[in-house]
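What follows is a pair of complexes built around chain A, which joins chain B in one and chain C in the other.
Showing the complex of A and B:
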């Protein structure tokens, strides 16, 4: 059971919310046991080969690489979200567990607080 | 019960800050404790003193301002989100050499750690986005 569950459910780069959500998660890891769940289009935040050069925005997704250094190792996504988008775990830049809908529900239920971005 | 409220959307394009205010009023009316309101992401725009909605629409910034001061709420605005969106108190305006400050009365600039603190020290953290 994690004290804080952060949920990323927005695709990257169109809005800064993913970046600010990640900032909040990293900050949270300094104070509490944290878990991070990617839901829906949020999974695109960690899809493998992103390049924002043509877009002219900072590629904050590389910051996900520091999660292990911050002690955030409970990383999850929803299996059905991967399937719906034609993605496999190997397409992602982070090593995470794909959960069934029931397991996602349990994860949310077990968290002391949930912050959605 | 101890509640904390987080607001992640601004009054320009979301009803979230207004819903959060209605919820905050209900929390206090029901006799619960509301210790902190944290404004993050676009929510920081709620604290922009220069918001000037049409006269027949609610002035969410002013309403939060008055409500917060009336109940002595801690209304914290994330410094990183605020600077990015041009919400500055006098200290930040001076530090960044800007000609004006525009943080509304009752709001306070704070670090992101205060959001985590609010989450950990409340029975319920309710996020409006």
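Showing the complex of A and C:
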């Protein structure tokens, strides 16, 4: 059972919130069992090939790739969010489990703490 | 919107490609020109649609000068 559940709800690069969420998750993994859930527009954090050169900001999306190295292997999204946005699991840069609404609710219920970004 | 209007998608607005304009087919419905800032599109990895013209910041300013009124949502 997960001790810490991190939820990413914002798309990337429009604000710094997504990067803060990822950093917090990586830090949390040092002392707790962590899971990461992408909800709503948060799924855009890991969709497509992102190139931030034109914005002059760091492309932190590549850092999601280190999650398994930090022991964060419980990665989830909501199946309906994918469908609503015309996305498939194959469009994502991480290997995730797509959950039903009930499973998302259960995941949140089972977590000791939930941190939302 | 009315015929002859133009829309510029900026920042997180470029996700409208995937969610609204593509799925609803709304571009043809309004006969409006739809533009998007290329840097914002590339940063978010949104697949550019054929019906959307990509512009840079100079193009953004140019468009603003071509229309009488500019409204931000």
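As a working rule, the second predicted complex is superposed on the first by the 117 of 117 C-alpha atoms of A that agree within 3 Å, B and C clash if a C-alpha of one lies under 4 Å from a C-alpha of the other, contacts with A are read in each partner's own complex, and residues count from 1 in each chain.
Simple rule for what comes next: a residue touches a chain if its C-beta (ideal position, glycine included) is under 8 Å from a C-beta of that chain, and two chains touch if they have at least 3 such contacts.
What you see is a predicted model, and the numbers here were worked out from it, not measured in a lab.
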| item | value |
| --- | --- |
| Which superposed partner A:41 touches (first chain B, second chain C, both, neither) | second |
| Partner chain in contact with A:116 - chain B first, chain C second, else both or neither | first |
| Partner chain(s) touched by A:3 [first = chain B, second = chain C, both, neither] | first |
| First (chain B), second (chain C), both or neither touched by A:63 | neither |
| Touching partner for A:32 - first (chain B), second (chain C), both, neither | first |
| Partner chain A, residues of chain B touching it in the complex | 6, 8, 40-41, 80-81, 84, 112-113, 115-117, 119-120, 122, 125, 127, 129 |
| Chain A to chain B touching residues, read off their complex | 3-4, 16-17, 20, 23-24, 27-28, 30-32, 112-117 |
| In the complex with chain C, residue positions of chain A that touch it | 11-14, 41, 44, 47-55, 57, 59, 84-87 |
| Residues of chain C that touch chain A when the two form their complex | 11-12, 15, 18-19, 22-23, 38-40, 42-47 |
